[in-house]
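Some structures are shown below for you to check.
Next come two complexes built around chain A: one with chain B, the other with chain C.
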Partner chain A sequence: MNNFSYIQADKAKEATAAKRDDKSAAFIAGGTTLLDLMKSNVENHDQLIDVNLLPFRGIEMTKDGLRIGALERMSDVGAHPLVAQQFPAVAESLLLAASAQLRNMASIGGNVLQRTRCGYFRDTAFPCNKREPGTGCPALEGDNRNLAILGTSETCIATSYPGDLSVALIALDAVLTLENAKGKQRQVPITKFYLLPGTTPQRETVLEADELIVAVTIPQTEAARKSKYLKVRDRASYAYALVSAAVGLEVQGGTIRAARVALGGVGAQPWRCSEAEKMLVGKPATEATFRAAAELALRGAKPREHNAYKIEMAKNTLVRALSEVAV
Partner chain B sequence: METNQKENAPTNVVGKPLDRVDGPAKVTGAARYSAEINVPGTVHGVLKTSTIAKGRITSIDTSRAAKEPGILNIFTHENLPKPAKTPKQIEKWRAAQSYLPMQDNQIQYAGQPVALVVATTLEAATQAAALIKVTYQVETPIDSYLDPKAELFDPQKIQSGKKDAHVVRGNPQQAYDGAALKHEATYVHAINHHSPMESAATLAVWEGADKLTVYEASQNVTMHQGNLAELLGMPREQIRVVTKYIGGGFGCKGSFWPHTILTVLAARAVNRPVKLALTRQQMFTGVGHREDQEQTLKLGATADGKLVSIVHTKKATTSPWDNYTESNGKIMDMLYACENYSTVYELARANVMTSVWMRAPGEGPGSFALESSMDDLANQLNIDPLEIRLRNYADHDHSNGKPWSSKSLKQCYTRGAELFGWDKRNPKPGQTRRGRMLVGHGMASATYPVHSSQGTARVRLFADGHAVVEAGATDLGTGTYTVMTQVSADALGLPPEKIRFELGDTRLPTAPGSGGSVAAGTVASSIMAAAQDVWDKMVKMAVADKKSPLYKAKPTDVKVELGRMFLIKDPKKGETLVAALGRSGQPDIEGSGTGRYGAGYEEKNFGQNGADPNNDNKEKKTGGHSMHSFGAHFCEVEVDPDLGTIRVTRWVGVHGAGTVLNLKTATSQMTGGAIYGIGAALMEDTFRDPNFARYTNADLAGYHVPVNADIPNMQVEFVPETDPYINLLGVKGIGELGMVGVTAAVANAVFNATGRRLRSLPMTPDKVLEAMRLPA
Partner chain C sequence: MSAPTTPAPLNPDGSRRTFMKQAGGFLGLALAPPFLSQAERLTALSKKVEGVSTISLKVNGTVRSIRAEPRVTLLDALREYLDLTGSKKGCDHGQCGACTVLVDGRRVNSCLTLAVMSQGKEITTIEGLAKGDELHPMQAAFLKHDGFQCGYCTPGQIMSAVACVQEGHAGSEAEVREWMSGNICRCSAYPNITAAILEAKTKMG
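After this line comes the complex of A and B, so read on.
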C-alpha cells in the first residue's frame, strides 16, 4: 500500500470535482473492496475521497420502483421489510453475501463496483490483462475454476463482477442514477452498465471518472415480488458464488406470464438470460420447461480446464431456482 | 525424582471441566501475543518476497524505497550480515527446511524473501518494500510431482532422515496377487496450509553484542533457541526465546523458518529491536504447508474380508533441498492385523518451499486412503463398515509384535455407534433422501502414536498456600495453562486459583514443545515429578518435626495424596504440605523433576518388557508396549445431487486417550480436530499455478476453512481408559487424534449417500457433480 491523502466530501460536487482533478484518486465508501486492493498494490491511489457523508441514503418506494441510496449498507438494505417482501431476490443476494461484519460496512454503490476475485488479478506478481493491459492472461491455462464461461474473450475470462447483488439487480431491470462533476445526473439501466472484456478487460463499466453512483431503482413487478436468489458455493457461508441464479416468475393458472432470469459466477459480467426468459413466457411452469430454459441460457458456454462443471451446475441451479419460485 | 507408581494419581480437579485460566486475559486483551509485545525503541521489519519461483536476481533497486522517511536499512543478499553458519552446515539442524534465503542471488521458490526493510513504522516499511524493484533472470520452474518436467526419486529416508522410505514386512506383493479379494485405489490430497489465526511473528531484541531475547510465535521455544544458537554461533544460554501466547499453529510454528533468523540478523545490524510479522499472504510461503500428494493403496483380503496384504505407495512434491514428506503408512499397523505390508515413498523436487508437519502429519492423509478402502471392502462384502474393522482388529502391534499399552478402540466403536444410532443406517448407498438431499452415514477409525518425550519442571510451594509452577512448554491456545494448573493443584492439594503456572520461556525448565501431541502427557508428568520432589522433602521435614503428627515415622511409611502427607497404615494420622511448611518457618520450598512420556517412561519404570519395575537400564530404547491412542468418528452428510454441495449434518467422535486432564478443553480439542478434518475433506485447497509455481489463492478469502455455518452439532466423548505404562498420570496426547480419520468418515458418508466414491480431496461441488454424472 502506498501513502495517500484523504478528504471527506460534504457535497457531491466536492467529491466529483476532486476526482475529476486527480486521475489517481478514488472514492471510498465502506472500503471493503478498495482497501484490500490497495493493500495488495493492485490499485494505487494517491488520494481517497470519502463519500460517506453524502446524502445518498434512503430506501423508499417511488413511482419508478424501489429507490435505494448508494450509500446504504448491505446489511440494512437486506433486512429492510420493503426489500424482503417486494424484492426477495435482492434481499437474499445481500444477506447471502460476504460476512456480517463486511455487510455492515459495505455500501450498495461499492458492491456494484467490486472487482474480480481472479487470483492472478489480485497478486501483482502475475501478469494480468485486466490489471496491466497487454501482459497476458495466465488464467487461460491456469487456475480458472472460479472464472467465467460466458461472455469471455481470449484476453480475459474473469467473472469481472464476482458478487451477488448485481445479479439480482440485472434480473430485475434495476436502473442506476449517476452524477458527474458538472452536477448532471443520468440514468443507466444496469443491463447496460457493465462492459464485456473484449480486448479491453480493464474497462469494466460505463461509469465516467468523475461520476458517482447516487442510487439504484428497481421497478416493482409481480416477477420481482416472486423472485429468488440461489447461491452455490464451496462452503455454507462467507464464500463467493461458484454459480448463482436470480429468477422471478409471474405464473397464472400454471402458465408463465413473465420471467426474469440472470446468472452469477458464469458470465464475464452478471449474466441476463433474455432468450431463456422469452422462451419461458406462455409455457407451463413445469420442470421440463425450466430445463429447456436452462439449456438455452447456457448455450454457447466456453469452458476451460477447471470450470466446465459450471455448465451443469448453472443449469441445475436455474432449474432449482425456477422450480422454487413457481410453487 | 521419579516413583514407580502403577496406578494413576488420585484427582480432585484433574479431569474437571475447569474454565480456561487464561480466558479472562484473552478476552480482555491483557494477553500479549508475540507481535503485540512492546519493547522500547522497537522498529518494524517487512519482508519483500520473490515474485518468481525459479531463477536469479540480476539487480535490486532500492533507491526509491530508501527515500521514504523513517527507513533505517534495506537488507538484501548483498548487504545482510551472514549468520555464523547456514542450516546446511549445522549437524543438529532441528527444522524441516534447511534452506536459508538471502544468502545469494538464487531464487528457488515463489514467495522466498529477497529483501527486508527496517523502518521506524510498519507503514513506512510496508511502503518501502513495495517500492523496491527487483529484476530477475527467470527460469522455468517445476510446480509439483505432476509436472512433466518433474522426476520422481527414491528418497531412502524421509522426514529429515528420521524415517525409512521403504518399510516391508512379509511378502506383500505375492500375498496381494494370491488374495481372494482385491482392492486398489488412488487417493489425492490437495495442498493444505495451516492458516492459524495468529500469523508467524518475531521480535528480536539484542541486549548487547552477545545477548539476545526473541519473542517468537513458537510452538517450541527450545527448538528456536537451539537453532538460533547454532546459526549465530552463540552459546544457548545467551539466547532467550519467549512465547507466552499462541493463536494456533497446527505445526507450522513448530519448525524454524527464515523470517526468524533474518529478523534477528537485521536487528543486530540496525542495533534496535526489530519486530516482523508475516502478512497473511506471506503465511502461504513462509511457514510450510501439507504437501500435494497421492497414495495408491492395494488391499488383499480373504473371501470373508480378512486382510492378507497392504501395499501402500505415496508420491509427493518436495523442495529442492529436503526430503520431507509425511509418513502416511505408519497408521496401518495400529488399526489392522495384516502379516504382509509395505509402504514406499517417492518424491519429486519442485520449486516450492519445504513442506512440514501439519496436524496429524501422515495419519491424516494416510487414514483417508486406508479408511476409504476399508469402507469399499465392506461394501464389496456386503457387511457393515464396523464389522470389517472388527474382523481385522489388531490385538497387538504387527509392526513389532508388541502388546498395546492400552487400546479402547472397540469401546469407541461401540459407544460411537450407540450415540450415533448407527444401527439405523441404511447400508444401501444412494437410498436415503431428505427432501432433495441425499443422506449418508459414514464412519472411520482414528489413531495417533504416543511419541517418546521427556521434560523438566519446577514447583515452588509457598508457606502461605500458593505455588508457582514452571515449565518451558507452550500453549497453542488449547489449554496447556489450564490443565497444568489442574495437575499442580492436585499434586499440592491447593485450589487452582492458588497456582500460577508459567510457560513459554527458555529460562524455565526445559520442556517439549507443542507438537506430536506430547505436551500434555510430558509436562503433566514433569510437574508430578517435581511435586514429588517437594513431597519427599516435606516428608523428611515432617518426620523430624516434633510438632508433626508424622514425627518419627519412617518416610517410606508415609504417602502423599492431594497435598496431604499421611501414614499408609493409619491415614488419619497426617497433615497437609502447607501446614507443615508453615510451621517450619521456611517461606517456601522448591522441587524439580523430570517427566517421561511414552517408551522412555516405561523403560525406566517397568523395564523393557514391562515386567521388572526396578529395571533402570538406560541402554534400552523402547518399552515393552506399543503406545497409541484410538478413536472413532461417525458422521452424517447431506449431498445435493444437483448442485454438488456436501453439508455435514451430524458428528459423533468417541476417543480413548487415557486420563482426560480437563473434560472441557479436551472436548474442544477433539471437536476442533474434527472441524480441521472437515476443512480438509470439503474445502481446503491451495492452488499452485502450473506455469508459475505460485499460489493463486493465498489468502483467507481464496483459501477456505470451515465457518460456523459448515459445522453441525458435534458430539464428542471419551471412553474411560487407564494406562499405567505411558507416564505418571496415564495421559495420552489428543492434539492430533481428533483429526485422524475425519476425511475418510466424510467420504464414506458421501459414498453411502450417493453411491459415488470420491478419492480426491477436497470434495468440492465440482468433483461431486462429476462423480454424479458417472453411474453409481
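After this line comes the complex of A and C, so read on.
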C-alpha cells in the first residue's frame, strides 16, 4: 500500500473541505473496501480523512421514517430491534452480508459506496474502463459469470454495487442525506443515487467530490414491515450474491395492495423492478402472479457467455421471495 | 496546518499530557523541521499525520508506542513492530479471518484496520487470552476437540470464537457455522472447531 497522510476530522466541514481541497483524498470510516482496494493499487489516495468522530450516528424513528446515521456499523444496524421489526429486508441484507468481523467494521455510508467485485476491475494487470476510462473492458468476452445482465453498456458490464444493503434500500425508497463543504445538505432518493455505466462507467454515483453521506432514511410502510431479503450464493455464507431479491408486499384479503421489488447481483446498479411492481398491484397474491412479475422484471436482460444462468436464477429468487412475504 | 485549539485525539489513557510527553521525546530527536517550534509541530501532528509518527496502542492491557507510517495496519503493527506474532496474516484483504483480534471487545480484521486509527482503544490478541499458564476456556476447548490441523488460522478462529460466544451467536451448531463464516480453515477442521465453541460456551460464563 502506498503511503498517505492521515487526518482525523472533528467537524464535518473540516472533513469535506479537506476532501474538496485534495482531489486525491478519500474519506475513511470502516476502511474495509478502501484499504482492500488501496492494497491492490486499484485506488490510490495521498490523504485519508478519518470521519469516525463526526456525529453521524443514531438509529431512530422520525416523521420521515427510520433514520440511520451513516457512521453506524452494519452489525449494530442489522441487530437493532426497530430495523428487524419494521424493515426486515434491511436487517437481513445486513446480516447476510460479509462476515461478522467486517460487519463490525463497515459503516452504512461506506456500504452504499462499495465498489464492484469484477475481477478485471480489481486486477491492475488488466485494462478496465471503470478504473482507467478508455482502456477497454475484457469482461465483455472474458470471465463474466458474476457480472450484470441488466443496465449494462458496451463499456462496462460490472455489477457496480456488489453488496446487499442498497438492494433493500432501493426496494424501500430510502433517501440519502448528503452534506458538502459549504455545510449544505441535500436529500437524494437512493433510486437516483447510482448511475448506469453508459459511456462513463467510472462515474458510479451522483455524490460530488466534497460530499459526505450523513444519513439514510427509510420510509415506514406496510410493505417495508412485510419485506424480505433473499440471497443466493456459491456457498452458504460469507459470499457475494450471485442473485438476490429485496421484496415487500402489502396484501389484503389475498389481493396485493402495494409491492416493492428489487434485484441484486444482476444489474449494473441495484435494480428496482418498477414494471413488475405496477403489474403486481391489484392482482391475487399467488405463485402465478409472482411468476408473471418475475418474467417482466427480467424481460430486458442481456446475458453474456457465462452469466445467462442469472436470468432463471433471478426469476426463481423473486418468486420464492414474493411467495414467502405473501404468507 | 490546523487550529491550535484541537485536542490531541488519540492517546490511549485519555491524557493529552501523556501524549505530548511521549510524542515530544521522540519528535524532539528525530523529526524537527527547522521552521516550526516544537509546540506548533506537536499540535499539527496531533491533527494530521504525515510520514513516521508515534502511535500508541493499548494491547492486552499494556500501552506500547511504535514509530510507524499511517499506512501500517494494526496487523503489521502487532506482528512487525510489537513482536506479537500470534495474529496471522493470511490473505491480508479481510477474506480469511486469520488476523482477527478484538478492538473494544468487538472482533475485527486487523489487516483492514489502520494502527493509527486504533489508538485509544482496547486491543486484545490471542496472546492476551490466557491468564498466566491457565488457558482461556476457548483455547482449552480447541485443544480438547482438536480444532485445527496446521494451526495457522487458529488464533483468528479462537479470537472470533470468543466474540461469537460473547455476542450470543453460539446457540446451535448452525448458528456457530453462520457466525464463524468469516474464519476460513484450509485444513477444514470445521466440525471440531464448532464442537470446541459449543463446549467453551458452557464454560465462559
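Everything that follows uses one rule, which is that the second predicted complex is superposed on the first by the 327 of 327 C-alpha atoms of A that agree within 3 Å, B and C clash if a C-alpha of one lies under 4 Å from a C-alpha of the other, contacts with A are read in each partner's own complex, and residues count from 1 in each chain.
Note that in this section contacts are C-beta pairs under 8 Å (C-beta built on N, C-alpha and C of every residue); 3 or more make two chains touch, one makes a residue touch a chain.
The model shown is predicted, which means the values in this text are computed figures rather than measured ones.
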item: Which of chain B and chain C A:145 touches, first, second, both or neither; value: first
item: Contacts of A:53 with chain B and chain C, given as first, second, both or neither; value: second
item: Touching partner for A:3 - first (chain B), second (chain C), both, neither; value: both
item: Which superposed partner A:105 touches (first chain B, second chain C, both, neither); value: second
item: Which superposed partner A:238 touches (first chain B, second chain C, both, neither); value: both
item: Which superposed partner A:309 touches (first chain B, second chain C, both, neither); value: first
item: Overlapping contact positions on chain A, where the chain C interface meets the chain B interface; value: 1-3, 40, 236-238
item: Chain A residues touching chain C - in the complex, by the definition given at the top; value: 1-8, 10, 28, 30-32, 35-36, 39-40, 48, 50, 52-53, 75, 98-102, 104-105, 236-238
item: Chain A-facing residues of chain C, complex; value: 6, 9-10, 47-51, 69-71, 73, 92-94, 97, 100, 106-109, 112-114, 116-117, 160, 163-164, 167, 169, 177-183
item: Chain A residues within the chain B interface of the complex; value: 1-3, 40-41, 117, 119-120, 122-126, 138, 141-143, 145, 232-240, 242, 306, 309, 312-313, 316-317, 319-320
item: Residue ranges of chain B in contact with chain A within the complex; value: 51-52, 110, 123, 126-127, 130, 281, 436, 642-645, 647, 682-683, 687, 689-692, 694-699, 701-702, 704, 706-710, 764-766, 769-770, 773
